[in-house]
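Each chain carries a letter (A, B, C and D) given by its place in the written order, and its residues are counted from 1.
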């Protein structure tokens, strides 16, 4: 098939008219001009060994939620699953031993439920992380750069900050944002230092409170980070920022006309990964504030995002 | 939508004529008659803590391979990915800050590349793990029992046995099988004891040798376990069995008419997970024989299998 | 790809254990034991020429409704459409003339909205039209026999009977069925003789009354034919039977436990096509009772059903 | 779901920054500034009645080819079909009468095989038919204007010109183009006048010669119209232009850097539909030069293209 495609495209002389990169505003990555993986460079043997020490009880908790066709998602995302039984029509069996099997296929948007946002997800004026122009890397059949398949396992120290507790609430409402000062205050009060290379997760109570009881409300807004919170987290050189919300950034946004600008700050400006709909409730209820975080995301070449289920070990 | 579905089905009086379970041959699980997760019950704080001790160098290696639309797979499995830019036709920008973003969707069979076989994948005569009849749990829209979304993170001691080395070869050819005796001999020679709760992975060299150079050959056969190897591994009460091949069992099969019978032994008879196309080559080349294994598979409700990328930590 | 598939399947010795056909109850087709197209054999030059005479005003009316992702359908059917602009990220243009283009893909169940039911759609005890056993023809990747791609254009005399008018109603309610006697009475009162080879369409008012105003109700039931109505239509040797409902047969069914049995009578027993969600309202409102019917359905190999838009010419 | 989508989008204040239309070069349609259907306005009772007279033998021929997963298509287009048996796992039966059924779903690009190109398919500099800017109508979830679901049945006089015969060949090779002068000469020699409102189809022999024997070659080039041929056909005010090739325009193109420019001329400049991969071979072999053309394309809201099977009646 790839031979066919090459032939057909060359036959029509398909040379694309890509404009010059809009490079004015471009800040090269601290990891070098060719870097595609950003803060995943912070995975080091030292940090991994240190994180190992956080496993004290031997517990392992999945941070991914269960999704299905009714899970609300940012439009027009959705999913549909089919379980089939090839070659078994009418109760037919396979092989000499009367075998039977189920197989499955999905039609799936990769930004549903618990997800990793890759560095090619959000940009500004068509420019993405490390001076990459969408015209150069964003092919319909898969990103040519910064595909999430290239991200090495994100392994390190995970911390969870209870922002609901910080505000003295069970769960934060949509539109409630927390700033750098809030994070620092919560960090101090809850005894959780934020360090370089950390995977920083927030607990807002939003998903626990709303996903099941009012899925429309859940997907229509969320508490989350302010812009200066994203900037401050980036200044700490963390590996990833996540929350128990579908978008991490506060919605409706802190500043009119600037929704999801924290994505631009983290992904584009700093190459820091975003982890959405992280199920941090069980950690909070178990009194955990730091843990070993291990994420191995499935590797489909050229994906922008990926459905994930990181493991918290403590 | 679910309301609609319920109404429509009740209107036609859709009561299914399911036969009595073919229970003659049914062996209840050691984990109880209601158990759906089999050997995942072997994940315990003790084993997790013990596995932590195997992380000595601080290295983390992804065991999942990268897949794309050209990755060969068991027919009729395939995948297709599209990266799109919603609301940005003609270079349109979003929000006050001229935002841009990529989103992605896939049409995907879940049994491609590196994959977890759930306990609802293979059965015999329509009966699956723990006396489950396909008529009761295998719904088109998702398994009602034994969906891989329910499997807790598989965490434990991983071991890798180099079966190519055992036979004095760089890589084993298709149809070459290894028996319980072979495994025991390799285990002894390579100093790798197999214990209860282990994730046992085999290196055959098959994927390193063939996936890129001859994908048709790669998918048309494979070296792998004999039936008695599967029985012996089950007798050791391991948590999972995997290999650097697309099906773990040898193909063409050891015994005519009995391909993939190791799947029946492991999945159906013993509730032991199968891990396919595990990229064990890097471990072998790094001289690793035991490591901490951490798998958090994405959780789509009712899936039979799941594309995965477990992490080996050592 | 097909080479790969053949190799892989032959490597595992994939010979399926198909049982002997349950042939007891099997009535061979009037069109011969090898026939796959049933009543499409009734398309003849004579009937086509005769139908031509029904075009008097020069009008052409589409009988297909417009469907989209919100169109209710028999579970779990659904559809999702994406319009994309390949190679035009960021407003990029193609070729020397700054070309731009839209392309589109769908994930689609073929039994949504206006649809042709092929002869492989419904059976009894696994047996379908002309003594075909599902084990022999119903492959996962496409029907091996009776795929709708093989149906020649259905062309002939179309008639529309207003069953709402027959009962003195604007539209019939769900569960309201009409019998052979009702059809004969309406036929006589409305001056519409039903002849061999006809495409017989019913107007019940159901879709006009409910599809937009109450889509959940629309899909949860419907007025339609009784079993003896299907038998009588078959006895007239018609080419197809359709209605302005999603299933033609009455729902809830006339007889408990026998929903859609008219499908078995028409498709399986007689090889007569079923046309669902035919937009007959415009014909009725225009005072039309007979017309030339022309259906050219898209031809995807092995499809059970097909989304259609037949044309009524009068 | 649509409620959810509206809420979510309004919550983030999703107001898109669409640029001013690039209207410099824009020629309003002869059918009015609001027109979305272009040459479909040429369907009139008079022309339909006149076309009826072309049905003399009572024959009906499908102009659509059969497509499947191996049909070559313009990259990255493809299709995958699954036939499933819901609620019948293990040979389960439905209802009191032991019913069985097959259902089917596809993942399908709409520009495969025999297809209708809608007026929103090709443009120049982001501008399409009737001064429509892609930023205004080209939504990811479906075109907001010019979707093919809005095209009324294309009914009229079809003509087929044998361009292979014109050049004294069995079939034309890839890259061989025919000009306005060629069409006029063939028209005269073959006694086929081209009139306003006609559906003009070309026979080049390309699909008969190559689709089965060399599918890679088939999709890698094609004979077809020159730019002046498209201009001349537009000057005749035809309803549609089609051919037995996958793109109607010659490939490699007549003029370097200008592939598919005939699409721009017909679709954008004149609102004339394009019909691709029309199976005109049977017409030519049956000695037919004019016929009644009837196309009822399935109606999915917002589609750019549609898989079709027009019927030639003569």
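The definition used in the following text is that contacts are C-beta pairs under 8 Å (C-beta built on N, C-alpha and C of every residue); 3 or more make two chains touch, one makes a residue touch a chain.
Because the structure is a prediction, the values reported are computed rather than measured.
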Supply the minimal count of touching-chain steps required to go from subunit B to subunit D. 1
Is the contact between copies subunit A and subunit D built from the same residues on both sides or from different ones, judged by whether over half of the numbers are shared? same
When the centre of a chain is set as the mean of its C-alpha atoms, what distance in Å lies between subunit A and subunit B? 24
Subunit B to subunit C: how many Å between their CA centres? 41
Touching two or more other chains in subunit C are residues 1, 13-15, 76, 78, 82, 84-86, 89-93, 95, 98, 100, 105, 107, 126, 134, 138-141, 256-257, 259-260
Once you draw an edge for every pair of touching chains, what topology comes out, line, ring, star, complete or other? complete
Residue positions on subunit C within touch of subunit A in the complex are 1, 13-19, 76, 78, 80, 82, 84, 86-87, 89-95, 98, 107, 126, 133-135, 138-140
In their complex, what parts of subunit B are in touch with subunit C? 1, 3-5, 7-9, 11-15, 72, 74-76, 78, 82, 84-85, 88-92, 100, 105, 107, 140-141, 174, 215-216, 219-221, 251-253, 256-257, 259-260
Spell out the residues on subunit D that touch subunit C in their complex, using ranges where they run on. 1-2, 43-49, 52, 55, 57-70, 76-77, 79, 81-86, 91, 93, 95-111, 113-114, 120-128, 134, 138-143, 149, 152-153, 155, 256-261, 264, 294-311, 313
